[in-house]
């Protein structure tokens, strides 16, 4: 039941085909989404950042392909399609549906680009500390790009070689939002946060060993950041960081 | 620019092709501390969000008063002054320096408002779950306000009475940034995040008892939020959330 | 806006005082609770289990007294009033409002009994392990009683003296719901659960020291119970256990 | 020694073949189960909820098949047989014993239905948040069904899309007991608990990654639920939740 | 119902005043403790190690004094009386009841010695690492002594000055049971365990700071001891260690 | 350098071939083991409990076989040989060296029995809760047996079916030392400890799932046991429990 | 028994007053410290770094004063005396013994300087992040100084304002050992470690709140430092860091 | 030096009082990246300890081989090349590039020795507790050796057989730096630290099971060491310990 249905119902009342009491009764069971329809749209737009998103892990290649096919069939929609945490087998299945699909094995991202519209106002810069953080960085990068943002990256600028980061401080200050990805001690967002005036989304990674506890050391470091423009998402959640960054970049 | 470039530049000076002043100017964009001066400003602006900030805890009333006096003396500065985690004694000392100071005992915030300029573009909405989350909410609210933002609040809208939140969904959708504060299970940001298309800064609070572990339950809940526009700051960090929100709201 | 208001609105449409379009518009902003009114009632009934409940901790004596006064004024309501986590000062303030208030210092519960109606169908039995678990047991007992249940208790029947528990197995089997409260190793619910066929609500307590970690040892023990009729609430949450038990006992 | 043995002994006393003292002496060593026989039955009934249950994990296919064969041979018993945490190999072995066995690979449950008697009084509703929670939900669903309950389910109603849950609020209010299954932030039980007046058994799942810590985030969220009709079982323990729900539903 | 009652019942059967069937019926509800009486005794003997024990913490001075008075009145009992986790106020109250009471403020132990019988076969040696471990060591020492054991002690022999321990290796090898008390890294039991052939009861203490986590570091160290004659009790549980040691020493 | 060497040195002094000063100098560097030789023996006896022990895990089959060969060659030694945490491949290699070797695949123990001497004075009883605890129980059983103890066992007597344990209380009271093995909530040692007057060595097992955290729940339960004759060893450490029990049983 | 005693014994052998066998027998029981005397000295020198050290916490003012008096009486010793974790009361007591004592209330250190000898070869630089880290920094500074080292400090150079640290990089490179003190995210040692070629001793502090968990976040950050010249000591252990630094600086 | 100084310097160049080259030289000690170049070198020297280091894990054999080829091509460099966390496949690829490469499968280290220069002043002694700690010990040993240090080792000297360690105390006192590697309770560094006057770098290992929590028990033990010359690196970080030790040994 949607707005039109309610209108018809009200017109029925106006036309005396329906008593006010009967109308009340039917309104009482009126499905929520009708009133809240805008919310649903907002919600979808938010979650998918002007892209259709499928979380690949735990789905069979056939299931993913089926969802993609449905998305491609939807009329009027030209949104990019993004599949995260996918693998080769999923890609084979998807590729049979759409030749436009491209697979990024490092991050497990599959993208089907249908629109090149830039909906983000500025540049999102992805900064990462070590080479082992790159898969998460790439997930963030591809997500942000398919969601309609200009994205740049700055890799391998860990804090123990601070000069490498400082060399690029101009690029840091040119970004509108920064995603900062680091494992181990997770110190990079504090340093980056101190160098810029824009929001920094920190992503702890599960790289490291021993007392890194699968990313907990980095996570705690980031939550305790002494730079006050830093917020944090879950360990290895490059996708989530890109969603938030994209959502900020559209403001 | 490397050593050779600098040498050329110096040879230009020696050859009088370049004035020492012009050379200095170009050099200023080289050495860190020179160029970095603007960054210092940026940095300061960021940390203080167009407000001067003093972390009161661990400082004596005399020390805080002294810092306030220095800030008030600074010529040309009309920034608001914000003292967080303060108490009555600190307020007495500060009040002797500035009659304009006002104390908010619930959150321990002291504010000295000197400017009413609104630098934030939209409204920051503070949403909190329970009455015991209000001190943290108030810290966020006052911080955001003194940093030049229009701020509204929506208190006591916990998820176990979801209708109270839904009644206000219009106000939710009107905000440009949302700060969402909750203790216990920390579920509020997920629900709020699903209802809006703007960034949600989640603040776990240390309220609760037993297995809330001083805010850890709420923190983990927020980090694992199934809404993709949610990022997280440290437990009870209302100040930090307001800094980030303010920084986003100025974009 | 409630059902009557909607009815009026619909009558307005029927009477052609309001166009269907205008009615739709007003319906779209219709406050949620109107549709969901039953839910609100359910919710309230649930949370308060036919009792009005105030969480005393973090409220001033004056605030609590004010809430009590408002509850007593509500016409037609004869619900019992329950104040948890209260202290002497709160009691003094409440006692001035209602001479019927009684204070239980061990558990910090204040009760104002206005109705003796038994809404629970059977008996709720509170079983606890050690003397230091009694405050939590008492909170559960008084909550369950004020919510309209027959309540019995069996204290000091820890598992290291299993014969003390077994002596009372008849009473165990006569209960309709059992609340089982234990600190230290939290083993009591497993043994009790194995002796009865009814649901056992386990409450870990924060008693103990060292590796009891403020109730975590008991909590984990209960979550891993090998008896399959055991569920668990938060550490020291005697109130919550009584709410659930009461809610089961009314089925 | 059982009731008959005791009777013989007492008859011996009555017949003066045995002195009261000698009888006392023999009674003192009387095995517990004779006296406690009713308890054993209760216990069994409870654990198996009118179903025979085998925990498949850690047993060889041959062992499981042997136990099933013994169950099927027991005279007079028409209980359903439930094997949890099983796999294909176990199913092959069991299927050779009983063609009535059916295997549910998602949850690893094998069921042999021999009775369709409904011993539960109302409906148990299984509500789950995400698609990855479905295996645990299915374990709960099949367990509850084989234990003689009407069971319904409501899948994929996570809190970040609250409208999907609210659409189904009628079904929520029609249930007598609700099992609520969620991973990640584990917020669903709080929202569901706030919408109904019946007991909600919360099951955290180990889905998620990073700071979900294998279900700990969800577990803590549920233990700290602000809805007071929520109790919690162990992570991924769909079977246990169904046992408790079934036990409540027979009250 | 006790042995005499059962005897009477059996005599009733013998006298044909009671049919065997009626007797069976009454026996079926026979309280457990009658049959299990020996167990109660064993249990008590065990818990109190031939001493009467009162856990002082959480009891009022009046309550403790009352229990002591009852113990002193019991005829025929000459057991020592031990009150652990007591304070000055409790001692004042107890001292009024019994002039024989002595208070050890370091450990909070009150002892009333009524018997000097040595029931332990050998010597229990208490070894502790640092001066801050002495309160726990003293609790163990006084407990073991009042339970009828010869007790010796060796204090301040931490592993970072291994020569101090080795000087005393003769005394180590002369003990029948060793209680080994240490905070910080908890390494002492491993070294002591490697030097002797008797059981070593390790007690972690909550001394230390930072990453000692209130005794957790010591506890984990002891649980992972590479000496295979080491077992562990709870943090700061000097009393428990002495109970076990005493129980071994009576074998 | 051993006793004979020191004697020679002293004879050299007596014979004036060596000055006292020179002798002092050489004595100062005298290796520790000469003085401490008895300790070495004690140590070895302790660790191996009159059995030679090899920890199989992390060693190649060839390495284990080599060590076994060396042990078998040692003259005068008739100690049993025990290999823990072994597998089939190790057994094949060992079996080629000694046909007397027997392999117990459940626990991964290989035993070579060369002596049937009983050095323990009483019976060690192994009590375990669930079927999944049996591998650890078997490791304890075989270790204790090869170390020269009479060993009995009582399996599958979990606390949720307390009657099964109580049926066997005579066997419990006949043991001189009890090893009590349990996973999940780890409650068994408390119940057993309350039924007997002898030491109970508790072994937590890593069985269970979810909030059992690989045995941590059981470990904490056991450390917080309310029975005072319970001590604890590491998770899954059946071998260690048997060492301690054996060491107690020889007292 | 000391070297002289052994010499006498050997002279007795040389003089044939004692048989070699009898001498051997007495030597066998020779106390360890005689042989190991050098170790004792080394040990003491190490622990106290050419200073006498008293850990004040947990000692009464009288006890501390007594130890100081004994130290001052020791002939020939001119070592500095250091009392850590002291307070005003301890200082009053010590000051009565030695007018040379000086008290540093921030860090709770009392120093009695008797020697100005510099035994360290280079400069130890203390670098700290925030103002709340200064008490720990001061403990390190005073300890290092009283142990005979040139010490400099660089306070308030947190990583979120990296330019403040970089301004002082010359001083960083001039140090022989660096002690780096930080709370919150503990990132400073990584940055400092990357700027220098000397060892960096990292000290996490317990400053911060929420997810800093009393210094755990900083501790984990430091243990996972990506700079390979960083080692870590316990939380708040400024004394320990200074001991190690001093020990390195004397190499 | 500030802007004015630079201006003066530039005016000096303009006035031909200073050659461009001399000005460049002075400027080199100003701007970060110019001056910092030496730091980069220092940094590199530090990280690699006069060796080129590649972290093998997470790189393909081809990638590692490519990096090695580049290193070998660098003119003038005769540094040793060290590849850590490598495997057989990486070795095959590297060996094709350089026949001088040698592989140590226990520790996964590949070394290419090009220089035998000893840059360390004394001996680094590697002490380890159990046989399962040897892989980490070997990583430390090979790293230290390739970084130009004399390295010795002392394996299998766990604290439960303290005599084995004490036998070698001469070797302990001859080292300039000690790396002490232990799993389980991590007690070895405390004992070793107490026996020597030089810095001890403690490395916890992840060996052990159950409550060793992958090295956490050992890590906590070492952080709480009662010997004050002990610092700690991450779990299993033999490489890092060798870097620090090497860095100290060059002082």
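Letters A, B, C, D, E, F, G and H mark the chains as written, and numbering starts fresh at 1 in each.
By definition in this document, a contact is a pair of C-beta atoms (placed from the backbone, for glycine too) under 8 Å apart; a residue touches a chain by one contact, two chains touch by 3 or more.
Just so it is clear, the model here is predicted, and its values are computed rather than measured.
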Labels of chains that are neighbours to subunit F and to subunit G: E, H
Contact-pair overlap exceeding half with F-G, pair selected from A-B, G-H or A-C: A-C
Selected pair, greater C-beta contact count between C-D and F-H: C-D
Centroid spacing, where centroids are CA-atom means, of subunit B and subunit G in whole angstrom: 40
Centre-to-centre distance between subunit F and subunit B (centres being mean Cα positions), rounded to whole Å: 60
Centre-of-Cα separation between subunit F and subunit A, whole angstrom: 55
Multi-partner residues of subunit A (each touching 2 or more other chains): 36, 39, 43, 47, 160-161, 166, 193-195, 210-212, 216, 219, 223-224, 227-228, 234-235
Pairwise chain contacts under the document criterion: A-B, A-C, A-D, A-G, A-H, B-C, B-D, B-G, B-H, C-D, C-E, C-F, D-E, D-F, E-F, E-G, E-H, F-G, F-H, G-H
Subunit F to subunit E touching residues, read off their complex: 36, 38-39, 42-43, 45-47, 121-122, 169, 173, 176-177, 193-199, 201, 219, 223-224, 227-235, 239-241, 243-244, 247-248, 251
Touching residues (chain side subunit E, partner subunit D) in the complex: 3, 6-7, 10-11, 13-14, 16, 19-21, 23-24, 27-28, 30, 35
Subunit C residues touching subunit E - in the complex, by the definition given at the top: 131-132, 160-161, 163, 166-167, 169-170, 209-212
Complex contacts: residues of subunit G adjacent to subunit E: 29, 31-33, 36, 39-40, 43, 47, 58-59, 204, 206, 214-216, 219, 234-237
Residue ranges of subunit A touching subunit G (in the complex, touch as defined): 129-130, 158-162, 166, 183-187, 190-191, 193-195, 208, 210-213, 216-218, 220-228
